[in-house]
Structures are given as C-alpha cells and as structure tokens.
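Two complexes are shown next, each including chain A; its partner changes from chain B in the first to chain C in the second.
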Partner chain A sequence: MKNFLFLLIVFLLNQQNSFALFSQDREIKIYKNIRCLACQGQSLNDSNSDFANDLKKVIKEKLNNNETDQEIYTYLTARYGDWILFDPPVKKSTLLLWFFPVFILVIGIFILYKRTVFEKSKLS
Partner chain B sequence: MTSNIGFVSIVISCILSLFIIILFFKHVLFGGPLHSKFFALYKASFFLIAASFVLLVISFIISDFSIVAVYENSHTDKPFFYKFAGTWGNHEGSMLLFILIISLYGYLFLLFSKQLNFPLRFTTIFFQTSLQFAFLLFLIFTSNPFEKIFPIPNQGLGLNPILQDPLLVLHPPFLYLGYVGFSLVFSLLLGGLICNYYNQSWAAIAKRWIFLPWTFLTFGIGLGSFWAYYELGWGGYWFWDPVENASLMPWIASTALIHSVLVMDKTKKLYNWTAILTILTFVLSLFGTFLVRSGILNSVHAFANDPERGLYILFIISLITFSALVIYILKSPKQTEGESGFVLFSREFSIAANNYLLIFALTVVTIGTTYPILLSVFTGESISVGPQYYNTILAPFVFIFLIVMAIGPYMKWSKNSFAVSKNKLIAFLISSLIVTILASLLLKNQNFIFILGVLCSLYLIISVLYEFAYFKNIKLKQFNFPRVFSHAGFGFLILAITLHYFFSKEFTAKIPLGESVTYKEFVIKFSNYFSKEDKNYQELTGEYEIQKNGEKIVLKPSIRRYSQPQQFTSETSIRGEWLSDMYIAMDYTSDTSDGIGIRFYHNYSIRLIWLSYILIAIGGLLSFMRRKNEQ
Partner chain C sequence: MNSKIKFAGIFFLFISFFIVFYYALKSDTKNNTQIMVGTRLPNIQLSSLFNPIQKISLPSSEKENFYLINIWSSWCVPCRDEHPFLVKLKNEHQIKIFGINYKDKTSNALDFLTKLGNPFYYVGVDSDGSKSIEIGGYGVPETYVINAEGIIVFKHVGPINSTTFEKIVATIK
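Entry: the complex of A and B
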C-alpha cells in the first residue's frame, strides 16, 4: 500500500509541467471563445464567414506579435463589447453570475454539516 | 369544417374543465357528496382535447390552408412525414400538444389509481384540471391553432428546413411527455398536502409518476443532442444553448427529486425537501416553456416571437408557483429534529450530499441562462455566457459528484457504514488509479483535468460493475438494475465527455475545387461536386477525400437550398468508427471563387455519449416498470 502511494506521488510530481488546465491549441482556444458577430451563435472557430476569417487574421497577427490572451481579449472587447466573449469576464456586473452558485454551494455544505451526526444513537 | 369542429371541442373541453373546478369547490365548501360524474367529466375533457389534436394533425396532412397554422408551416410539396410532424413544428400546434399531454397524464392517473385514497384522487384531478384550464384559456385567446384565413391561399409557406428531419417526429413529443409529465406529480403533491396525505405512502405512489416523465425527458434530451450533432453541423453534441439549458434545468431538478423521494419512502426523511423539489421541477418545466415560447431567446426552437404570449405564460407560471407555495406553507408536515438529521456515511447522507450538488449545478445552469437576459433588461449591457463558463464552474464538482455516486450505494440506510465498505472502496480506488495511469501513459496525455475526469468516472464505473459481477449473491428481484444502468450510464457519459474534450480535433478552411489542405495528420482534398434536385430542395454535394495515416475515405456533405421557405441548410457527412467520428459540414456561400468553406471535426467517443444517454434512460424505464411490479 505504502509503495503504491509512493509510486503515485512520484507519478503526480512528474506531471507538474502539464498542470495547465484544459490545455488545447492556444489559437483554437481563443477562436472558440469569440463569438462570430455575423453568425447565429457560432464561435469564430466554427465559422468561415468573412467576418470570422478577417478577425482570425487579426488574431493570428497578434499571436505572432507575442501578445497575451488578455491583451487580445481587451482589444476585442474595446471594439465590440463583452458580447463577443463566450467566457464572461469577472467584473462588477458579472459578480452574481460567478459567485451566486458558490454562495448556494456554501449554504448547502453548511446545512448538510448542521444536520449530520456521526452515529445513529446521536439522532435525537 | 374540421377547423370548426376542432376549435369547438377545445372550447367545450375548456368549459368542462371550468365545470370540474366548480364541482370541486362546491363539494369542498358546501359539503355533500362529490358529483358522481366528476371523473367522467375529466375523461370527456381529455377525449375532446385528443379529438381536436387529431383533427389538427389531419388538417396538416391534407394541407388545409384555410387554417393559418397550416398555411404558415406547411406546403403541398412536403413529404407526408413532415406534413404529419409539422403539426407540432409551430407554436400553436405544439401548445395543443402540451395541453394534450397534461390531460393525458391526468387520464392515465385516473386509470391507474383506482385503489387510491378517494379524496387524494379527486383533489389531484382537480389540480390537474386547473392546469389544463389555465393553458386552454391561453390557447384559445392567444394561440388558437384553428384560426382561419380568408381568402384561402392556394399554397402554404412551408416548414423551417432545419426542422425537416425524421427526428422531428420523436424529439418534441418525448420532451413534452417528459417535462409536461411532471405536472401530474405536482398535482399529486398539492393533493397530498391538502388531504393531509403527504407521507411515506405518498412517496411510494409518487415514485412512478416521477420515473415515467424523467425517462421521457432523458430520451428527449438525448435525441435533441443527437439531432443537433448531425443536423446543425456545428460538430458537437451539446452547446449550452439557452434552449438546451431550458430542458436541462427540469432534468437536474427531477433527478434530485427521484433520489429525495426514495429517501422519503425508505426513511421518512426529506419531506419538505421533496415537496420543494416537486414544485421546483414543474415550475422549471414551465419556465423552460416560457423561455422558448416568449421569443426572448433567438434560436431554432423559438418559432413564434410574440411578447404578449410570453407575458401570459409568465402570469400563469407566477400564479401556479404562488398558489403551490401558499399550499405548501400552510399544509407542510411538521418534522421533528430527529427526522431531519442524517448519519454520516449512511445512504441518505450520500443522497443528500449529491442533492445539494445537483442544486448547485441547477443554480449554475439557471443563472447562466437567465443572467444575460436580466443584465440586458436592467443595465442594457450585453454579455455572452458560453460553454467556457459552464465547464469552468461545473467541472470540479462533477468529479466529487461521481465519487459520492459511487460510494452511496455501498452505504446502508441510517447507519454509518464506512467501516464495513472501506476495503471495497479502497480496492475500487486502486483499480481505477491503475487503469487511469495506464490510460494516461498510453494516450500520452497527462493533463490534470483529464486524469481527474478519467479517474473519477472509472471509479464510478468500476464500483457499479463490481456490484453487477457479484449480483449472484442476492436475489434477482432485489437487485437494483435501474440504478446500475443509470449510474453506469452517467459514469460512461463523463468518461466519454472527457475523452471527447481532450482528443477531438477540429478546424475550418476554404478549399477550392481540386485543392487540398493539411491539418495535423489529416489531408483533405476537395475532389469533386455534383448537384441534384429533389421535390422540395436543390442540393449541391461535395466529395472530399480524407487521408489519415495512409488510409483514405470519402465524405460527401452537401448544401441544400429549400424552395419553401427559401432557406439553406448544411447536411453533414459523418463516417463513424468505433472510437471516433470523422465529420464534415460545408458552408453555404454564393461566392465560390476562393473555394467552399468546410468545417472538419474528428470527434472522439461520440458513440459512447449516445450509448450513455441510452443507458441512463433505460435505468429510468426499468425503475418505472419495477415500481409497477411491486404494487
């Protein structure tokens, strides 16, 4: 058992470099996060429209200039608004969107904790 | 002529419903026996609705263009199949189907509840009638499916081509049989509360009325997902589109309900929680209808955009929710503290834990769907909430959910049974870890989320398979097949989604005729094209040769131009193998000078996703049948 756990830890430590969550081609990941404004609910990645192709060129250029994802998103939202991003940014007007579910979860854990006893005999 | 008869039968049914409501109040307020024809009247109201629905179907089949709904949504050139299914491919027809199903469930309840407590039976029918009445009024005053047009047009406008697919016959009725079906357990709850019959035996009765619509809803959602995959041409099985979410919300709530009603049945706990979930499930079903029908959303499902209808539905929902909550608050049973507590590591503890996780998931889906609408109403700001939001916020909890799902069935009711099952649970962990590590090395993917996803879903699958392998030791009759199917299905679903997420490849390109493009290990050549004409569309089919590691296959996607109404659709071409699908869809463009755009997807474990849907739904079906045998 101990040997097994040891092997597991070694295995996991070796993975450290790849701990980046949801790794994907960076370019496609960005395309998928951007709404094609000329289409119906499609992302840039799913579209061949002129709008999508032009915007892809712009983004590719920015990637070649070593701009970060954040810089690219800032550039896009400054022009088209937050509507263009599928992944809503965390800011004042989206606080509830991101944190209300967490609030519900915490309440759930609290209720469960309050109502749980360790042994049956403890049930009044 | 048919239209007159159809409309008259709806109106008579509506009057009968009102009459049933009056009879109920007369009995309750002034005493005296309940009218002897109370149930017969309800059955009559059901048959009238059914008759008018059949008449509407006939009007669609014979293309009776004197009816607006037929004129706007049908065409003589359409194949018979779509004339028939077109009945519910529009707002008016689908609302009539909606009411028919409310009424059908009431009718089924009457047929199968003869041995039940009499007051509970007629009070339930009273509530079911009230629901039916509210929606009949809505139908008659805002969406009469038999509305006439004069002069009678020679030809109809045709059905939205995206809907012209064989699955139109199954997907909408299944969804409705699902979420409208929750109306019955909702009525049963209110009946139980009013008659002071909301107790353990209520749970035993209610179970089957939850399993049945749940099974339909699961199938309906699965069919929708499958349909979207090959019809929309976006390459995926789930898009977190608001309309998909509208059906997912009642599904999550009812999944929680299924489990809490079991706890109520076995341990007399969670009375209040079950009541709240019952109300929530039905209200969310109605809310989904509101989202889709009000025209707030822009989607393939929103075929009628009329704010007035939206307001009326919103009014009905508020009224129903408000009345239900008032009844619940006045009549909910009091519980002592002992009855509401859980023993750590008991069966009901794990069910309660996962119930909270389901509520969390429900909150995420609900808020993600409604937040952009509310934000734009109140601040004018528009934001998008896409798959990234749901993936980020839900993924970590799915893993915990899977583990609890695996451990739960190894716990005993009302007993801390961790010590008893500890060894098994550890053995599952070790075996799933070994498989995960092997998979990770073999597939050369060491992403943390990937490993967690595979590990947790394997843990669940192995725990279920173990039970399955050792079931000889218990009697066949006692073995919980429904749970085994549904839980294994869910384990496979998450496994398939994880594999799909990490191994699928996709790209878009514009390819001129005769040219080819290379993407990773794929070479795609646009080798040829041809066109043909069919009854109601023209079609341009492309031939694409795909080479992958020396193997060559040909895919033939196409673009169709429908004549009635004038609209383009893209027909995908999919080559399925055991583990993966190759998938091509063409774009419709008028300018082909720089080639035709294609979207290419190499999708992993899609078939496992379809299989999981089926397993989960089979579990529901088995539960329904099992409960039936017990009685």
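Entry: the complex of A and C
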C-alpha cells in the first residue's frame, strides 16, 4: 500500500511537470511566431526590449485566462496588423502564398506520374 | 502536339511565377502603425497619477468633439521635446489631453509636470505597459486624436513636431 501511494505521488508530480512543460512550450511557440515591432527582425522570444517584455506579459495573462492561440493572434493583429505575425494568416490576399507551392507540387507529381507510366508502357 | 503541351506548361509556370513575384514585390511588407485608425478605441481603465483612488475609463464619456491621448514618460527624452506642443494644443486650441504615464516613477513624473507645465486634463498611470498595448501602442511618446464616438481619427508614433502639430490642429478643427 505504501509503495502504491509512493508511486501515485510520483506519477501525479510527473503529470504536473508535463503540464507545466506543455504550457511553457505553448507560450514559447507563440512568442516565436510574433515579431518584435520595436526591434530589427527579432521575434518576441529573442527580444528583451520594453515592447517585447510588455507584450509577453499581456500574452502570459491571456494564456492564464485560457484564451486560445487564435484569440491571442486576433487580439494582436487587430492592434498591430498581420505584420506582427511571422506566419501570415490564411485569407484572400495570402491564398496564393499558401496554396501556390501545393499547386506546383501537385503539377510535379502529375508530371512524374505521367513519365513513369510512359516509361513503363515503353518498356512493356 | 506533345511539345506544344510542354511549351504551354512552361509558359503557364513562368507566368504564374511572374505574377507571384510581382505581387510580392508590390505588397506592403512594412509595419503599418495606422492599423487602428478608423476603429473604436478599446476600453481601458486608468488610475490617476495624482490620486490613485480616482479612476477613469477611456473612451471618455464626456461630450467632446475631439480629445487627445498622449503616452509619455519622464525618462523619455523625445517626450520633453514634444511637451511644448502639448502645452500649446491645450492653451491655444482648448483640447482636453488625457495623458498615459508609461512605466515611470511617480515622483519623477510629478517633477516633470511641475518643471515643464501640465497640459493634461487627466494623467493616468500605466505601470506595466499593458494599457498602452491595449490601445495598440508601441512605446513613448505616442499621440492619438479621438472623436466624440470614441473612434481613433489620428495616430502618431514618436514625438510631436511642428508638422504633426499642424496635422493635429487640422484634424480637430
């Protein structure tokens, strides 16, 4: 029984640690996707400027309030525009940017497939 | 026939790349500080620099045609440069200016106003920078012109100079 209790406590503590690590990972992932507007080409994660530290505090508070990543990004883009995000959101003006590479990939696969079929038919 | 299809494919790809790069070159990749102009000022609550118990909410509920919000700090050198313009706006154009004192020591902020004059109708405290972030601020100094409906009609990042002063005057006329 004692051993079981000991194992249970170790298990619960470990779970708590994983949760803490998960939330820290999420926080860093968000910081890495946000451009520090007061610095040159740095993300929020890399910057220690006043602006970056203020934003980090605001984001941390929003994470503690259980806001989703999307809600945080919407809050920031409403105030600072899409430029604040390193990953541009999918919308009308960025459709080409997001889907053109996929389109090129599909064409590439199609050409490859055609060639393989052609080579096979030639061999047979 | 096959070579014609190949030629059409290459031509199509070339045109597609041209369009993508052309629009990429033309697109505005710079930071646009004017995103919030034309939108309603987000609600913020400030406590007074002079009396922390006294609180106000912005957008102001007072019936003003226009009022100004200025983010400033005593440690910010450009804020000292723009201060005479704020005094002039208050004295010559009777506009209400709500100051947001950004990450400052109370004693230094009070000293700043005693020495350079107080053009502010109300000075609220933003001790951790969160109020400035809420209204889309980048730092100090920064000035917003708000209309009676609480809409941001003008925003300037940086110190007010004579050109900005004229623009503000033209906006509030």
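Assume the second predicted complex is superposed on the first by the 93 of 124 C-alpha atoms of A that agree within 3 Å, B and C clash if a C-alpha of one lies under 4 Å from a C-alpha of the other, contacts with A are read in each partner's own complex, and residues count from 1 in each chain.
Keep this in mind: a contact is a pair of C-beta atoms (placed from the backbone, for glycine too) under 8 Å apart; a residue touches a chain by one contact, two chains touch by 3 or more.
Just so you know, these numbers come straight off a predicted model, no measurement behind them.
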For this session: Quick one: classify A:51 as touching chain B (first), chain C (second), both or neither.
Result: second
Exercise. Which partner, chain B or chain C, is in contact with more residues of chain A?
Worked result: B
Problem set entry | Touched partner set for A:112, first chain B, second chain C, both or neither | first
For this session: Considering only touches as defined above, state whether A:96 meets chain B (first), chain C (second), both or neither.
Result: both
Exercise. Touching A:81, do we find chain B (first), chain C (second), both, or neither?
Worked result: both
For this session: Examine A:38 and indicate which partner it touches, taking first as chain B and second as chain C; both and neither are also allowed.
Result: second
Seminar exercise, completed: After superposition on chain A, the chain A residues reached by both chain B and chain C are 53, 81, 83, 93, 96-97, 100, 104
Exercise. In the complex formed with chain A, which residues of chain C make contact?
Worked result: 9, 13, 16, 19-20, 23, 27, 29-32, 35-36, 39, 103, 128-130, 132-136, 138-139
Exercise. If you look only at chain A, which of its residues touch chain C in the complex?
Worked result: 37-38, 50-51, 53-55, 57-58, 61, 78-81, 83, 93, 96-97, 100, 104, 107
For this session: Can you check the complex and tell me which residues of chain A touch chain B?
Result: 4, 8, 11, 14-15, 18-23, 28, 32-33, 35, 40-43, 45-49, 53, 81-88, 93-94, 96-98, 100-101, 104-105, 108-109, 111-112, 115-120, 123-124
For this session: Sort out for me which residues of chain B touch chain A in the complex.
Result: 234-235, 239, 241, 298-299, 336-338, 340-344, 349, 352-353, 356-357, 359-360, 363-364, 367-368, 371, 375, 379, 381-389, 391-393, 397, 414-416, 430, 433, 437, 446-449, 451, 501, 506-510, 587, 589, 597-599
